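Just below sit the structures, each encoded as structure tokens.
Each of the next two complexes has subunit A plus one other chain: subunit B in the first, subunit C in the second.
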Partner chain A sequence: MRIPVLCLLPFAAVLAQVPYERILNARSEPHNWLTYSGTYDGQRYSALSQINSGNVGNLRVQWVQQSGHSESTQTSPIIVDGVMYITEPPNVVKALDARSGTVIWSYRKTIPDDLRLCCGRVNRGVAVLNDLVYYGSIDAHLIALDAKTGRLRWDTTIDDYKLGYSSSGAPLAIKDKIVTGIGGGEYGIRGFLDAYDAKTGKRVWRTHTIPGKGEPGNETWEGDSWKIGAAPTWVTGSYDPENNLVIWGTGNPGPDWNGDYRKGDNLYSDSFIALDADTGKLKWYFQFTPHDVHDWDATQVPVLIDGTFRGQPKKMVATANRNAFYYVLDRPTGKFLHARAYAKQTWATGHDDNGRPLVIAGTTPTIDGNLVYPSLAGGTNWFSPSWSPKHNLFYVPVREEGAYYFKGTAEFKPGTLFVGGGQRANPAEEPFGAIRALETDSGSMRWEFPLKTQASAGILSTAGDLVFSGTGQGDVFALHAATGKLLWRFKGGGGVIAAPVTYMLDGKQFVALAVGRALFVFGL
Partner chain B sequence: MRIPVLCLLPFAAVLAQVPYERILNARSEPHNWLTYSGTYDGQRYSALSQINSGNVGNLRVQWVQQSGHSESTQTSPIIVDGVMYITEPPNVVKALDARSGTVIWSYRKTIPDDLRLCCGRVNRGVAVLNDLVYYGSIDAHLIALDAKTGRLRWDTTIDDYKLGYSSSGAPLAIKDKIVTGIGGGEYGIRGFLDAYDAKTGKRVWRTHTIPGKGEPGNETWEGDSWKIGAAPTWVTGSYDPENNLVIWGTGNPGPDWNGDYRKGDNLYSDSFIALDADTGKLKWYFQFTPHDVHDWDATQVPVLIDGTFRGQPKKMVATANRNAFYYVLDRPTGKFLHARAYAKQTWATGHDDNGRPLVIAGTTPTIDGNLVYPSLAGGTNWFSPSWSPKHNLFYVPVREEGAYYFKGTAEFKPGTLFVGGGQRANPAEEPFGAIRALETDSGSMRWEFPLKTQASAGILSTAGDLVFSGTGQGDVFALHAATGKLLWRFKGGGGVIAAPVTYMLDGKQFVALAVGRALFVFGL
Partner chain C sequence: MLRLLGFVLGAAILTIAQDTKKEEIVLPTSAEDLATGKKLYDGSCQLCHGPQGDGGKGANLAVPKLARAATDSDLARIIEVGIPGTEMPGAYHMVKKEITQVAAYVKTFAKFTPEKVPGDPAKGRAVYLGKGGCQACHTTTGADGLLVGGLTGPDLSTIGGRRSAAHLRESIVDPSASIPDYFVDTTAVLANGQRINGRRLTEDTFYLVIHDYQGRNHVIDRMSAREIIKDRKKTPMPSYKGKLSADELDNLIAFLVSLRETK
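So, the complex of A and B:
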């Protein structure tokens, strides 16, 4: 006699197609979460308000999905019509029933043992387009799976993992293409952004983040240093459909801490680059940290804002950069509008009219170590920020710490670490953190919610006047979006490194967030 | 500026002493959980009833503690006056604030790389006595830690891990001694039960589970097979204070599946042994499976019951054995009273008056494989059962599966696997499981709650008319103790292999259970 009672009956969801138009208009279906940041604009804002500042105190865990793996779950889930797609270390994609957490299918790619990774076999999530699910595998493949079954549709090698290339960021589906960045900045790669035909996996364009010989910008690299200058693209970018621009952040130049090997501004490292989505052609760039020697990647999700700048309507790109400054750029052109420090920094007095930082002499790494703020982990890191159109505030997870930067030698050998130095913590102080709400145009702080340690997680804001995030100690919390007041907290028992999302099913709103090695789903 | 907000202020609990008398009378303070099974009798029953059959549907997660490790958390927490002590793989002990889950201290022993383990670096929990916390490390040490600080007080080597000895079961604190079993049954060890001076860590007695040359019982082993005959003691036993008996289960003889190397009954493998708690002297034994060739350890927690047997008051020991029979023994003498199958079995027609099974010919392993029920994992396994004095029912997690047992050769080399065969699953059927409620004296089934797969977790019963357990698929559930009706369930997202406990703090009852790689605490 066998009566299955505890497990649900086989899942029979209607797995809907996700054409490009649905992602383009994702704001109009806030019960789903169709792309990495919720919408192409990178705002990670939801119009859902069933969970709100009045009732969030009653939020409770609905279900949990544990990875069973020792590395952290960093996925930002995608939710389509009752199905949730997540990734888990070391290289797993799962489709879950978004109501119950029941696993519908699971895909695991066999990966080689001899990976070259700075930061573990982590992954930040998938993209969906039509009936396929896409993810970048840690051995630098782009993989397409059948959304209904998890069966492999195609598997394209992005680049050679033995040279240090890897993929951990979620791809971005645009029109009929899958755009993906690449990781490996500590291994002397030459960074790029790629677009692949969504149906076949054939590469449509590749734009290097470091111009080749004879191309404008190549002269910002001394000698052959451009060939191994890094500038990776390891976090998901945004898309401006009006101007057909893929706007994507690039990482620091390599070797990280010794600029002697690569004199010059090192374009387009530490920049936002705006590419024509159809051709990959560079339309504009803005470099935040020329000739960076502090590992201050500019890979944060670009936040596209149609708002007001100094009293005038403006289409902007905003970002809280790892170098501790908040920037506002003109979106169609990339022109600098404004910068203001949002965390302690000791390396620049400000910026000139073009947005070039006015660097303070003597702030480069030294043999003995030179104390500079922020640390190499930055005033913030890759953790998704959020922007609320309702409150006109930019929410950023902040890290307040300096570091002794030291300079070392670096020898390039393909597939090995190529960094030229490092940092040591400052024993004289204890680092801390905060969630800060910045005014969109000025970057001045409206409120802050202090954290005991450096912020490590992404942020979601909602029309329910809420800001959700988490801590490295495993707390998940909700703040009032207008005041920063703590309204709810929960101890999930593992450091939060991921970003929250929200969705609605059967008239009930949920918030999902990876905590430690598990995905938690909360609801009222 | 640094304002710690999210983390609690430094914990300042009053860490109370736990003298032996408190453990002895643990039934009188059900708001704590002072020993592995809650009380010395192994009943894993709580008199708490704030969470009950009427309100358990409102149970929700209060906090979670993730291990960050890929191996399963199997700990059964100890709770003393607001402090919870748990173990986590690979070899970690933690004290947590039982209200919030905040870690008070954490101890991690460095362990060698060349462990010899059948079943991972798991651990089932600690013992407390006075101001110390005790656990058995996976490399076969017994460790005493300061309950307030987690600092090491003493570290005693139980035996040589290089010979296959290991420790994973929770010790048992009795009077001024710490009693601990040993694992390593697949490595040709010679099993024993040990008692150590609680203050100094000095060994007070060791009783081998296999009698030495010249001792009664040694003749049940052919030749020198007794020297490497296993009979480990890897799960926590019980204690009968009235008769001053440590009653403990022993594992199967080795090599597991080929009895030709060890002809005879192989005493005291697959037995309950009752030892004088002060001297370790054997007072009685009862062997469930003489000359076992199916790996049917009798290591299940002995359940000591003062109840009624066939209408007469009786002091009993009850157990659902891995061999698929439920047994009732007379506690002072170990005399057989009754046996009845609680799961499908095809190896015995019943038992004689002394409780010796009447074995069916042709049920031993063969070269080609011989289908026998239950499988080597047993009709149940080490997962704690529970007995409710309120309902006079014995609750057992059941596994319904057979297996093709096959016989192989075995060569003993110290510190290497010594098993002589194995099993293959039966492809013709899908195994399943259940929680079954057995009448105490007859063992007949009052109710069952069917599970889709084999049971894998321990059971807690409470005066709130509840039975708590979990599944290998990560569900946690509560049943009505009288009827087995499902009253509450929660998806914790990782297989449950541990046993639940309950406690009360500030007037609020909690249930704690390790799910997958995390400890979950539930409350109303």
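So, the complex of A and C:
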């Protein structure tokens, strides 16, 4: 259902087309924010510097867009030539005038009331390509809307929500296709990554994240467990145009906490997979947590970096994984280069030469509970990290807490929870968080800004020597990118579970971030 | 792919309402089921409800009749989905069979002989109002149905339904043994050297709210504070060990145990 805006907007911005080439070269137009992470490399870094370490203390709210819904807003806005596209839970897409916050159009998807969700009716944003806006709805549909009017152009069912499939991540537009992941890791789904024809909505390829019978990797699942082994793809990945690789993170194997049902490494759960963008063919994979029994999804945004590794130029993929280790991989091949813990962990002594973790015996969940660090929410979670080419630092939102993991029975019934255990908090500690800046090649910590509670928001870094983020207790803040010194803060009054973006209009830079149930836009 | 706490981070609130239609639930009775129920209870529940179900942070389950669960089905549903608006979470990680096993085990607590509370509640009330001086800091329900008493300590108007006699005895003779999060003694040393001491009401990355022991609230900018000190063993609640006779203590506990919801 579309909600018409009942007035003409004489000041409505010019709505330009966004061909693939513009997204490919998004770095050259930093006044826009054309794809989920700003650029295909997943860096969430902006070259804008009008707001900088010298003046950020003067940052003030410019406008606010309230959602009117009870669920938290996790959207990462897209900004194209003066128009901002956002999603709001549980089922709304809006186009806003990026100068004033005025609503240009609003689209509301009709969704069923018997959804099968682990974690709420949330959504993290849209993709744009040419004259369409693409939206993955929580009932596992991929939807194309006209960018100027919000009118529905096509609506494709990705998979059956009644079986536990859902969509919450922003799609990724590449060439003439829309790539989208899927959620449902607690419902015994078989995960996949899909690409759809951007004009028609017809599916072009589907690559399962769990190999089928006869395919390499299927032997890492005992019996038929591969059919219901999860490995979802619920956070937006990255794209390496030079190698034509879609690099995407996969989630936990299922059932989450009882590995007895799925003996083996459980490929390609908890992995980065690199697929040919045209065919979906698997080019390489790297599994961070083989046979995971702690729910440590590897769905963090892969950060593609052309930098220096041990003194040599290197094309890398870097990530701070939920399992509390920071990893550096070789981008063309997926080969392991380095790992180092960035948060407290008690499950591995390190990694072998191939990057396989050396797991400490006795760290699997037990029926009575077994204290392991990090907790199931991880050393970090899905929130975007950021990488600054200016400072050569990787910024990660950190959660410092352990948990008593316990395992239970899991009975598979389509469309119902299939988890086999859980966790409870460690009463002997007060969890906390931090924003940490890691050196790109070593992962060693350059600085940290401590948070009272576990980090919950993504990070934006800018050429203005700034790092923006927020807290689950409703604060938004800016730190100096080189030192971590606090430079600006704002009490937004609602938990921040989204990632900031920045853009520039009429010569003025803005920073946008969803706080609680509203989107706040700041400027000088 | 569980994400985060409550709102989604993480730990995640699970949407399991689709399987919670009202059907009559029959609890298992075999020794094997009860043994499994005990293990599950020890893993997930005993931290708040106590090893013997006699309460702590969570409700006392070692009572003949559970206040919120009149039937076995009610009990199973509470275990499954929790109690909204309270700290009782749903056991999203358990399958139906495990929930019924835990419920069956919880029911065994009621078969224990209720803890002997030897005192006289009427005499205990006199201790509460008189020698104990409890009302200066705690609230109970007065004759007009309104709460009466001081606000420094926790409300006691329904404490008998929430805490066991043993827990209450411990809190009276050794009050520092278990201090709730929102009663943690906190001292902020400000930039000018001024010290503000009281209990922590709330705290986030940038601000700390202290309710001092004179009843004033202080909103403190953590970034400009010189030091923040927490003493998890310190409480304004005095120990009554040696201050009350054995009979007076028994009577006071009997009075507190008698304070329950009247509905």
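In this section, the second predicted complex is superposed on the first by the 513 of 524 C-alpha atoms of A that agree within 3 Å, B and C clash if a C-alpha of one lies under 4 Å from a C-alpha of the other, contacts with A are read in each partner's own complex, and residues count from 1 in each chain.
Keep in mind that, in the parts below, contacts are C-beta pairs under 8 Å (C-beta built on N, C-alpha and C of every residue); 3 or more make two chains touch, one makes a residue touch a chain.
Since we're looking at a predicted model, the values are computed, not measured.
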Touching partner for A:Leu115 - first (subunit B), second (subunit C), both, neither: second
Which of subunit B and subunit C A:Asp256 touches, first, second, both or neither: second
Most subunit A residues touched (candidates subunit B, subunit C): C
Touched partner set for A:Arg489, first subunit B, second subunit C, both or neither: both
Which superposed partner A:Leu451 touches (first subunit B, second subunit C, both, neither): both
Which of subunit B and subunit C A:Gln65 touches, first, second, both or neither: first
Partner chain(s) touched by A:Glu186 [first = subunit B, second = subunit C, both, neither]: second
Touching partner for A:Asp465 - first (subunit B), second (subunit C), both, neither: neither
Subunit B versus subunit C as contact partner of A:Asp41, first or second or both or neither: neither
Subunit B versus subunit C as contact partner of A:Ile497, first or second or both or neither: second
Touching both subunit B and subunit C, residues of subunit A: 450-452, 471, 473-475, 477, 486, 489, 491
List of subunit C residues in touch with subunit A within their complex: 1-5, 7-16, 18-19, 39-40, 42-44, 47, 91-95, 97-98, 203-206, 222-223
Subunit A residues touching subunit C - in the complex, by the definition given at the top: 71-72, 74, 114-120, 122, 183-186, 230, 232, 234, 251-252, 256-257, 295, 297, 299, 366-369, 375-377, 381-382, 404, 406, 408-411, 416-417, 419-424, 427, 450-454, 456, 471-475, 477, 486, 489, 491, 495, 497
In the complex, subunit B residues that touch subunit A: 1-7, 60-61, 63-66, 68-70, 100-102, 400, 430, 432, 449-452, 471, 473-475, 477, 486, 489-494, 515-519
